[in-house]
Structures are given as C-alpha cells and as structure tokens.
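Multiple structures are listed underneath, in structure tokens.
Next, two complexes with chain A in common: one pairs it with chain B, the other with chain C.
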Partner chain A sequence: MDRFLQHLLNALMLGGTYALLGIGLTMIFGIMRVVNFTHGELYTFGAYMVFFFAMTLSTNFFLALVFAMVLGVALGAAIEFVLLRPLRGASIDTTMLIMIGAWIALQNSEQLVWTGVAKSVIHPFPAEPVVLGPLSVSWIRIFVFCVAILLIVGAHLLIHRTRLGKAMRSTFQDRETAALMGVNINAIQTATFALGSGLAAAAGALLGPVFVLVPSMGDMAALKSFAIVILGGLGSFKGATLGGFMLALVEEMGAGYISSGYRDAMGFLIIIVVLIFRPTGLFARAERIG
Partner chain B sequence: MNRWATWLWLAFLFSIPVWMTNQYYLYILINAGIFIIAAMSLNLLLGYTGQLSLGHVAFFGIGAYASALVSLGFDLEITDSYTFVFAPRPVWVGLLAGILVAGFFGWLVGRISFKIRGAYFVIVTISFAEVVRLVALNWIDLTEGPMALNNIPPLTLGIPGLWELTFWRKVPNYYLVLVTCILSYVVIARLVRSRLGRAMIALRENEPLAASVGIDVTRSLVLAAVVSAAMAGAAGGLYTHTIRIIDPDVFLFIYTVTMVIMVITGGKGTLAGPIVGGLIFGILPEVLREVASPEVQWVMYGLIMIAIVFFLPDGIVPALASWWRDRFGAGGGGAESQSEPGPGPEASGTVTDTMGERA
Partner chain C sequence: MKTLIKSTGFALAAAAALGLSGTAGASEAIKIGVTQPLTGPVAASGNYVVQGAKIAESFLNESGGILGHKVELIVEDNKSNPKEAVATAEKLIVRDKVPVLMGAWSSTYTLAVMPKLIEYGVPMVVETSSSGKITTSGNPWIFRISPTSAMEAKSFGTKVDQFGIKKADFLVVNNDWGRGAASAFSAMLKSKGISVGVVETMDAKAQDLSAQLAKIKASGGDTLFVTTGVEQITLVLKQAKEQRVTHRVITTGGSSSPDQLIAQAGAAAEGSYHLLFFAPWFPEAAPNPDVAKKFVDEWNKRGHNFAGLTEGFRGHDGIMTIAAGIEAAGKAEPDAIRQALWGVKVDGVNGDISFIKQGPAGKESGQNVPNVYIVTIKDGKVALP
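Right, the complex of A and B next:
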C-alpha cells in the first residue's frame, strides 16, 4: 500500500509537467490545425537555456527559469513567423512535413551547440527529501509541481478570462467567422504558437534540473505530448491537463509493477488502445475528429 | 524509344561492379539500394494513397529482426519447464519469413489505424514504431536487446551438393539488392496501374467521392499497407544479411525521416521519385562525410526538406519531367513522365492545396 501511494505521489508530481507539454501542443493543434513536431525541441531548448543561464552565466536559478520560458516564447514566435505564416491554410500533411524538417534541423543544431555529453543543472533546493510518513518526495519536485500548476492555472485564465483568450477560443471554434468579426487571425495564430511553445519550454526548464540534459531528450517529450493530447482529444485544454496526469500515472504504475524498461512504451500503448476504442480521445466531443 | 532507355539503364546498373572495383563505393550503392527499396515501399502509402505513415521503419526493422532470428535460430522460455527451441533455417527462409511477418504487421496496423485519418493516423504510426523499438530493446531473451544480434549469416543460394554461392562479398550482394530493387519497382509499377492502384489514387484525390463510386476504402488501404510493409520487410531482411549485425537502433525515428525525405525530395506519387531521392540521400552522406559532421548534415537535410516543401512541393522528378516537356515539346516525354499513372504530377492532393493557397 505504501508503495502504491508512493507511485501515486510520483505520478502527481510528474503529471504537472506532462500537462504543460500537452496543453501547449493541444492549443497549437486546436487553433492552428498544425501537428507541432518541434514541440519536443522547445522542451529541449527550455532545459538548455536554464543550463546556459544558471550554469554557464551563473545567473540566479529562478531568474534562469524565467529567461528560459521567455526565450521559448520568442523561439516559438520565430518558428511560426518564418515557417508557418507563409503556409497559412496549407494542408495538414504539408505543415507536418515542414515541422518534421524543423524538428530535425533544431535537434541537430542543439547537438552541435551543446554536444552529446549529458549535462546537469544544479538547483538551490536541499538534496534530502521531504518525508511524510511512509512517503518521500524531493524539494525540487515539489517546486516543479507547484510552478507547473501555477502555469496551468495561468494558461487557463489567459484563455478563459482575457481578450486574447476570447479571440483564441473564437478562432478555435470557427476561423472564418472569427476573422469576419474582426479577430486578427494571423496574430492570434502567432500568439498561440508562441504561447504553446513557451509552455513546452517551461516544461523543459522545470524538468531539466530534475533529470540530465541530452540533445535528444526532446524526442521522448514530443512523443509523450502526442500521447497526452490523443488521450485527452486533440484540441481539448481540459483533456490535455487530465491526459498529462493520466499518462504520468500509467507510466509510474507500469514502471513500478510491470517493468521499468517498458515505462516509455505505456504512453504509446495507451494511444493505440484509445484510438481503437475511442478515436476522439477520452474527453473530447465527437466532432473534434479531423 | 523508352524501352531502349530502360534497357540501357539496366545494362548500366548491371555493369557497375565490372568497372567499379572500389569495394567501398559498392558498399555505398548496396546501402543506397536497400534504402531505395524502403523508400519505394513508403511511397506506395505516402505517394499513392496519400497516407503519411511515420512508422515505416517499424516494418523495415521487423523484417530485419524476423529474418535474422529465423536464420540464427532462437530459444524462448515459455514456462519454467518448457522452452521453445527454433533451429536455424537457411537464410532465404529467413528473408521470406521477414517479408511475411512484416506484411502481417502491415495488415494489423492497417486494420487498426485506417479507421482514422490525418493527425491521428500519423501519431498512431509513430507510436507503433516506438512500441516495437522498446520491445526490441527490452525483450532481451529474444532480441539480445542493446547487445545486438551478431554474426547473422549472409545469404546462401544454390542446389545442395552441386553448386552453392554464399553472398559474402560486395559484388553478389550488389546484384542481390539490384534485382530486389527491380522486382520491387515492377511490383509497384504494375500495382499502381492495376484496379487497386487506381482505387488508391482515387482515395488520395477525394475519399468521399471514391467511396461513393463503390471503392472499398478500408480494403484498398489495408492492401496497400500490406504490400508496402512486406516490401519494407524485404529491405530490412537484405539490410540484416549484408550488414550482419542488428540492434534496436534500426527502429529509430530518424530512419523513417530518411525515407520520408527520400520520397518527398524525389517526388511522391511518382515511380522514379524514391529512386532519385534514395540515390541522392544514400550517396550524399558518404560524399559529405569528410567535410561535414553528421549533425551538420542532418541540419542540412532538415532544411532541405523544408525548402523542398516550400519551393518544389512535387519533388525533383515531376519538376524535371515538366521542364523536359517544356523544352522538348510534348513528344519527348522522359521515362518518368511516361511511367506516371493516371493523373499528372501536379494532381496530387496535398500539393494542390498548397499551390492553390499560394496562387
């Protein structure tokens, strides 16, 4: 039972960052109809930016996190501006090919800049874990979880309470009508991509100090974001949030009770099973398929 | 006239080992040939049915592993008291088994995933390849996991007792790959001109319309997936028995991307496209090896892919064919444009979308 609770706690801690990844991807898909293969690279970028500021330039750790997220937003906006804006309205296959090309180019640039040697970020939290009865959890994980939840709530408020969010939601519902009502579709799409990328960079920046950094770390992050988004239904904010926690739970339980080698396979098995039985995802309405 | 050109090409390809004595160049050609087969098989799905399958390397790897395991033999401990022992079989049996097993998985994936389209389909195919990679990595009893399967025997052909040829050297392997390439080309060329091929192209262009005139959508797509997977399995089998070592890295996503780049660059939905693309991206890495590190090369390939989609969305072959037609009039028509089935090169679905938007 203690072991089960420990797994549950670990899943909760990990789920927050997974949800961030998923929300970023699902926003981009929902509003832009683009499958963002560079999502994992933004995650890698966020992690390396924390390394760059905190370790290379010895900036304050928390400031480094903020810089990483801001730069993630900037990189996202740049990718959108250069690669996606000229292809507005192109078929989903075309943009997918473009994004795959960008993924390969970005990942190998990261490899060139940072080399393949694994790097780690030293964080200011105490090494000894918090012990709650039979359970234990490290301080950095608690911090990561709290920041992730803050960002999720922030993104939620942005989408549901602000003018920009309203414009995003109307674009999501009906692009043409939104444009007719005076919503600047182009700007909204850039903002969406930048924001989604920023969330991916934030996830990387937060998880970077927990794990080690290698240039190929984004691959798994990208594939997991796909799993999360499929679980929740493409384009659903709530689905992506729940999907993130669910994927973390399944992975944690799978690793704990089946085999740690298959930890990463769990997400993909879920994708396949979900799509066979409920192709629209667990939380989405039927008309979302497309 | 075209027939002559074809024969001339074939004679040239068959003569290569006679005058090219550098074994390293032959090795590059063998490797390129294997990837051309894989790219042709991907083109059947990506180019002719219009389904972007990003898990294609799974079929390649499954074919490779199945063929290697059948020719090496393996033991599987089913229960504590019973162990399933599979004795080594001749390599040609392995190759056949690789093709069959890969084809079976093509059928399975097709049955499951052709219920869905677009982004969902792409993600399912990627997931499938990742699951297969993780199984190959973790099922150590069968696959040796990261320790790799070593000493895989090369192909041996012949009549027992009378005459035998083992494909140890580069020259026979070159011919083996060349013949398989030609066979695959002929299979695809015949297939896309058949009823099924026309059905596939109709599906790519307009699925609801195709269904409304009585084309069995799922059946056509699944059949295409089976042929495509089996062919990729054959390429994987050839790869195993020429490289003679295989590890779970064959399932890496980067190989799927390599195949996609080959097809897109050469021209998807054309018969010659994957061959041109496969030659370019099979030979280029070896040429650039001295001047550019693999990372720099990959950055370039990523950018090339973006550039191709932006500026040459049909790929090289259709662009060259139309240039040829413009230059030498309609009568000329190169071999490529002749082998174009049904609709012209500019008719492919995705491409028209982008062209239309930008026009």
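Right, the complex of A and C next:
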C-alpha cells in the first residue's frame, strides 16, 4: 500500500510537467496545423538557459527560470517568423520537413555550444526530501509541480478570458472568417507558436534542475508530448492536461507493477487502446481549443 | 558550352590530382578507423575515448610512427545508435580502406558492427563493451581489451565479503550491457549465498527513474548494483536520495566518472562505490605506473576534463594494442594484423594487454584479462575503500 501511494505521488509530480509539454504542442497543432518537431528542442533550450543564467552567470535561481521561459517565448517567435511565416499555405509535408530540419539543427547547435558532457543545475531547495509518513518527495519536485499547475491555469485563462485568447480560438475555428472579422492572423500565429514554445521551454527549465542536462534530452520529451497530444485528442487543451497526468500514471504503475523494461511501451499501449475506442482521442470535438 | 567543357575538364584534372595525392598519402600514413558515440545520450564517454586515442596517436608519431609510417586516426561518429555504428564501420572499411578498427563503445553498437567484420574480413579492437556475447559468438575478427561483465563480477567476487551484502537489487540500462551485467553479477552473488531481490531496467534515455526506485526501496535489499553511463548514474543517485532509498550503491561497467558524480550529484554521491578499470587519482598504483603517469600528464597538458580519464584511457590502450599488432604483422593488412594480435604484449594504462581465446573452437575471439579497481566517494573525494 505504501508503495502504491508512493507510485501515485510520483505520477502526480511527473504529470504536471507532462501536461505542460502536451498543452504547448496541442495549441500549436490546433491553431496552426503545424506538427512541431522542435518542441523537444525548446524543452532542451529552456533547461540549458537555466544552466546558463544560474550556473555560468550566477544569477538568482528563480530569476534564471523566468529568463529561460522568456527566452523560450522569444526563440519560438523567431522560429515562427523566420521558418513558418514564409511557408504559410505550403503543404503539411513541406512544413514537416522544415521542422525536422530545424529540430536536427537545434540539437546539434546545443551539442556544439554545451558539449556532450552532462550538466547539472544546483537549486536552492534542501536536498533532504519532505517525508509524509511512508512517502517522500523532494522540495524541488513540489516546487516544479506548483509552478507547472500555475502555468497551466495561466494558459487556460489566457485562452478563455482574454481578447488574444478569443482571437486564437476564432482562428482555430475558421481562419478565413476570423481574418474577415479583423483578426490579425499573422500576429495570432506568431503568438501561438511563441506561447506553445514558451510552455515547452518552461517544462525544460523546471525539470533541468531535477534531472541532468544533455543535448539529446529533448527527444524523449518530444516523444512523450506527441503521445500525450494523441491521447488527449489533437488540439484539445483539456485533453492534453488530462493526457499528461494519465500518461504519467500509466508509466509509473506499469513500471512499478508490470515491468520497468516496458515503461515507455505502456504509454503507447494505452494510446492504442484509446484510439481503438475513440479514434480522435479522448477529448477531441469539433471546437477543440476550449 | 565551351566554358562548360573547359570547366568539366578542369574539374576532372583536379579530381585526378586529388586522387593521386590521396593514394600517395595512403602509402605514407597507416590509417586506423575509430567508431565512437560523439553525439547522442552517451556522447561524453565516446568523446573521452577519442581524446585518449588521439593522445596515443601523438605518442606513436612522436616516436617515429609504425613501421616507419605515420599513424592517422579516422574518427567517425556512430551517434549512440547501432544502425549508425554499422554505417560508420562500413564507411571506414570500404571508403577509407582502413585495415583495422577500434570501437564501438556500447555492447549494442559493437554487436551490430560484428557481422560486417566477418563480411569484409577486418579486425576490430573493442575498447569498452562488456557483454559476454561479443567474444563468445564465434567472431574471429574481435579482440577485446575491456573486461566482460563476468570477469568484472568474478574480480568483484574476490572482495565481496568485505561489503557484507545480504540481499542485492539491480537497476540496469535496458540493453546488452546492462542486462549482461545484471545476469553476471547476480550469478556471482548467488554463488556466494547472497540473495538477489529485484532486477529493474531503464531506457538509456530515461530521466525519471522514480517508479523503479520505489520498487527497489520496497524490496528490502541492502545493496543496489547500477550499470549504466555516468549521466544516468547521476540521476539514480539523486533520485534515490529523494525517495530515501537506503541501499549502498555499487556501479559496474567502469563508466561512472566519479569526479563528475561528485560535481553533479553532490551529497547524493557520498558513500557510493564504483568499479573502474583505471584509477587516475592513483597512477602510481597502476601495474605500469610510467605508462599511466605519462598518459595522465599528457591528458592534463591538453586541458581535457579530468573526470574523463576513466573513459579516455580505453582509447589510448586500444590504439596502442592496434599499433603493436600492425608492428608485429610487419604490414598494414587486415588478416596479417588479425593473426599478429594473438601474440601482442602491450604495456597499457590498465595493465598488461594480451589475448586469450574465447568462444567456439576454430573461430575464437581474443579477450584480454584486465585489472578491476574499486573506489568509493568519501567526504566529496575519491578514495580507495
């Protein structure tokens, strides 16, 4: 029973960041119809930026997190502006190839700048874990979970309660009509890609100090994000949030009670089951964002 | 049209000139092919091995090369991927026409390359891989200087009593290396009457190991054997502390770079034990102290990361073994080198290198019997236990 509760707690902590990763990817796909292969690299970028500010420049840790997220948003905007804007109206294959190229280029740049040797970010939280009876969890993970939840709620409010969010949702529903109603489609697309990328960078910035930093760390993050988005339904905010927690739970319990060798297969097994019964994912509906 | 013909003519002439100088160069330098993971999840280790190999290349050339020829390493990146390992080996053999290879770090990459060695008839010195299968599958082109997991387990077995282990658990990377180590070490422990609890695996790229650690914590063992690269060992140590796993951690496989663990896992690395094949903190204690010291000095002179020495020496010893093989063969031809490698005696950084036969009769592979060291991390420093 103790072990079950520990697995449950681990899944909850992990699920927060999975959800963050999923939301970023699902927004970009939902609104822009772009399969964003650079998502994992934005995650890596966020982590290395925290390293750069907190360790190389000795900036305050929390400030470093903020800088990393802001720079993630900026990098996202830059990718949209330079690579995707000229491709508007191009076929999905062309865009996909460009994004795969950007993914490889970004990963190799990270290796060039930071080398293959793993890096660690020292965080100001105590090394001793919080002990709750038979359970234990580290302070940094609690912090990461809380910030992830705040960011998820923030993104939700932005999409549902602001003018920008309304413009995003209308673009999602019908791009041409939204344009006719005076929505600046170009600006919305840049904002969407920047926001989605910012969420990935935030996930990387938060998890970097928990794990170690290697240039290929984004591959696994990207794979999980795609799994979460497919599980929750392409373009669904709620689906990505719940999908994130669900994937974490399935992985944790699968590794704990069935076989750790198949930990990553568990996630894909559940996707197969979901897709058999709900081919569009758990929450995909006609009006997907929101 | 005229210009086109002209420029084509020029290009042809240039290509011919390049081709000529290419063959001229080949007759001067003896090429050695190296395939290592320079990018991807185990890139750090692969780069260290190449740095060590380049030091050996310089040492050889400073002392006049091999058979009066300069030595030239041709290094290819196998991208931490078995498919790429095969592609790099094929490229080195077919395009660069190297007579001998060194590689490919992970057992999985080495096993993938092995059929190509038979196909083209080119020997390979294996510097890191430890899966037993490599030398027992009947590939006569394989010469391994690193220990098998079984050798490592046997060597550790002579010292196991001082650890007072009652029940051991395993957390290993889910590939030939990790699973091979888990089976070799659990066989050794069982033969000593020590019980084995859970054997957990992790994907080579996995960062969150909380599920595995929760299960290990519940198993009630006192010692956890970990086999994986230094990046993942860091994660295991950090997350074990978070989950209050009280096992004593012992890493196997020699890729733990303890200095990197001290820097990155901090207090979580305290009290862990590491099996290594070179202890650069104590070069004077090596079987060939002069060789070890010369190598460590050159490594430091080049400004390489000290933590990489426990990996880097493999590159040095591998290239020195190949050089001795070519020297003994008297020519840089694959089959002559293969035959000569059986007789080499090399003073390596790890110790004396020579090959015994392993695998099915008639197509044995060469296997060296290397030295194994145990170090521990005490008060933030590497110490002998």
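Just so we're on the same page, the second predicted complex is superposed on the first by the 281 of 290 C-alpha atoms of A that agree within 3 Å, B and C clash if a C-alpha of one lies under 4 Å from a C-alpha of the other, contacts with A are read in each partner's own complex, and residues count from 1 in each chain.
By our rule, a residue touches a chain if its C-beta (ideal position, glycine included) is under 8 Å from a C-beta of that chain, and two chains touch if they have at least 3 such contacts.
The structure presented is a predicted model; accordingly, all values stated were derived computationally and were not measured.
Aligning the two structures on chain A places chain B and chain C in a clash. Once the two complexes are overlaid on the shared chain, A:R3 sits against chain C while remaining clear of chain B. When both complexes are overlaid on chain A, the residue A:P129 reaches chain C alone and has no touch with chain B. Once the two complexes are overlaid on the shared chain, A:M96 sits against chain B while remaining clear of chain C. Of the two partner chains, chain B and chain C are each touched by A:D219. In the overlay built on the shared chain, the residue A:G261 is in contact with chain B and with chain C. Look at A:Q111: by the touch rule set out above, it reaches both chain B and chain C.
In the superposed model, A:L14 lies in contact with chain C only, and not with chain B.
Of the two partner chains placed by the overlay, neither chain B nor chain C lies in contact with A:T56. In the superposed pair of complexes, A:V35 makes contact with chain B only, with no contact to chain C. Within chain A, the residues touching chain B in one complex and chain C in the other are 108, 111, 219, 259, 261, 264. Interface of chain C with chain A (complex): residues 38-41, 43-44, 46-47, 80, 174, 200-203, 205-208, 210-212, 214-215, 217-218, 230-231, 234-235, 241-244, 260, 263-268, 305, 308.
Of all the residues in chain A, the ones that touch chain C in their complex are 2-3, 6-7, 10, 13-14, 108, 111, 115-120, 122, 127, 129, 131, 136-138, 141, 207, 211-212, 214-217, 219-220, 251-256, 259-261, 263-264. By the touch criterion given at the top, residues 50, 52, 54, 112-113, 115-116, 118-120, 122-124, 126-128, 130-131, 134-135, 137-138, 253-254, 257, 260, 264, 293-296, 298-299, 301-306, 309-310, 313, 349-351, 353-354, 357-358 of chain B touch chain A in their complex. By the touch criterion given at the top, residues 29, 35, 83, 86-94, 96-98, 100-109, 111-112, 219, 223, 226-227, 230, 234, 259, 261-262, 264-265, 267-269, 271-272, 275-276, 279, 289-290 of chain A touch chain B in their complex.
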